[in-house]
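The chains carry the letters A, B, C and D, assigned in the order they are written, with residues numbered from 1 in each.
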Amino acid sequence: MPATKFKNIFIEGPVTPAFIAEKILAHQDKVNIGAHSIFLGQVRADEINGKTVTAIEYTSYEEMALVKMHAIREETFSKFELTCAHVYHSLGIVKSGEISLFVFTSSPHRRAAIDACSEMVERIKKELPVWGKELFDDESYKWKVNN
Amino acid sequence: MPATKFKNIFIEGPVTPAFIAEKILAHQDKVNIGAHSIFLGQVRADEINGKTVTAIEYTSYEEMALVKMHAIREETFSKFELTCAHVYHSLGIVKSGEISLFVFTSSPHRRAAIDACSEMVERIKKELPVWGKELFDDESYKWKVNN
Amino acid sequence: MKVKVLIFGQLKDITQSASFEVTDVNDTNEIIERMNNVYPELKKMKYLVAVEKEIIQGNTILRDNFTVALLPPYSGG
Amino acid sequence: MKVKVLIFGQLKDITQSASFEVTDVNDTNEIIERMNNVYPELKKMKYLVAVEKEIIQGNTILRDNFTVALLPPYSGG
């Protein structure tokens, strides 16, 4: 299967608040939607051994990630009564305070939107081949570990 | 206790995507935040007995709602590891497709943000003295019922 | 003794007015009785009663300048 | 027979290169052996192996032009 079959989720650099607003606005003509649930992952300026994280650099095995994301999306739609589900993940440098993950689900009813969003976030963290490299203020780095 | 002691949550008319973007942006200098969870309630164009909902008109016992919201917020902060929690609810006319409720929680970690947001949404629906009047295209109306 | 009574939501469709001043009442039961006498349709309605912004259960003694509110089922969000 | 090997995350810190072409291998165990011979530090690393974008368990037979990927623990989001 060509990778082009699968919807792209990756964007270069941070997810901006303006981009999020644009996506919310684009759903205002879908008048069967009663609830949106949004998750945003923001880069923390963690202190590790006296050094501060200034940014995370994200890389991915993109082709595989898009296949996996497609499967997660399909499974989420079959499990919850969803109108829409959108996922955006940053690649490259995202500074601390900026947003690197945007998960957006919509449904006629709140429980479906909220539960689907929550489940997608967990699956994205566990199942998408994406790696974060925490960059410190002294130009050293440490590979991020998800929990 | 004067009502001014309690943070206002009410805004006249719909919550706009630009307003949401502004609130997200305002949290980008809080670099201990790792996760935001957002819930948006959108007015559905439900069809009821052959008539379509064109808007909901919201009214509230504002003073009591702000006291109650203050209590909900305090209890949520004591239960979850939160950095911030914000709630905005529309009063007056909100057209179908527009947003009438915006709940926004932030935490270092995703489970606290997601679970706190979900719980606040449920409590707001059940415990805040707010009433929605569904306005139809023929200028009749029906009082909304939450489930 | 003077008490303020606030009316919300579908109850206001019956009373037409959002706010009443009631004098010479001692407790919430008396308020409800008086309201029912003037607006018999209220008897069919489901609502909670708040005194000074707190939901009460059962009859509650009132004091001067207290605010009583009749609250039909909430439907915010 | 020719196979492509992709290296990600902290494993790339060891191999320096993100992509290798390997010839004359029959299965994933042979790939891992060869990589370990050239980059002994890889032996200490924890990772999953994907063949044609699917995680495999145990040794897997390869075909011409297959892509094998070494995937350290994910840390997206």
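Here, a residue touches a chain if its C-beta (ideal position, glycine included) is under 8 Å from a C-beta of that chain, and two chains touch if they have at least 3 such contacts.
Since the structure is predicted, the reported quantities are computational estimates derived from the model, not experimental observations.
Shared contact partners of chain A and chain D are absent.
If each chain is reduced to the centroid of its CA atoms, chain A and chain B end up 23 Å from each other.
Chain B and chain C have centres, each the mean of its CA atoms, that are 26 Å apart.
Averaged C-alpha coordinates put the centre of chain A at 49 Å from the centre of chain C.
Residue numbers of chain D whose C-beta contacts span two or more other chains: 77.
Looking at chain A, one finds that residues 41, 110, 121, 125 touch two or more other chains. Here, these are the chain pairs in contact: A-B, A-D, B-C. Partner chain B is touched in their complex by these residues of chain C: 6, 8-10, 50, 53, 69, 71-77. Chain A meets chain D in the complex at residues 41, 58-61, 63-64, 67-68, 89, 100-101, 121, 124-133, 143-146.
Listing the residues of chain A that touch chain B in their complex gives 17-18, 20-22, 24-25, 27-45, 96-99, 106, 108, 110, 113-114, 117-118, 121, 125.
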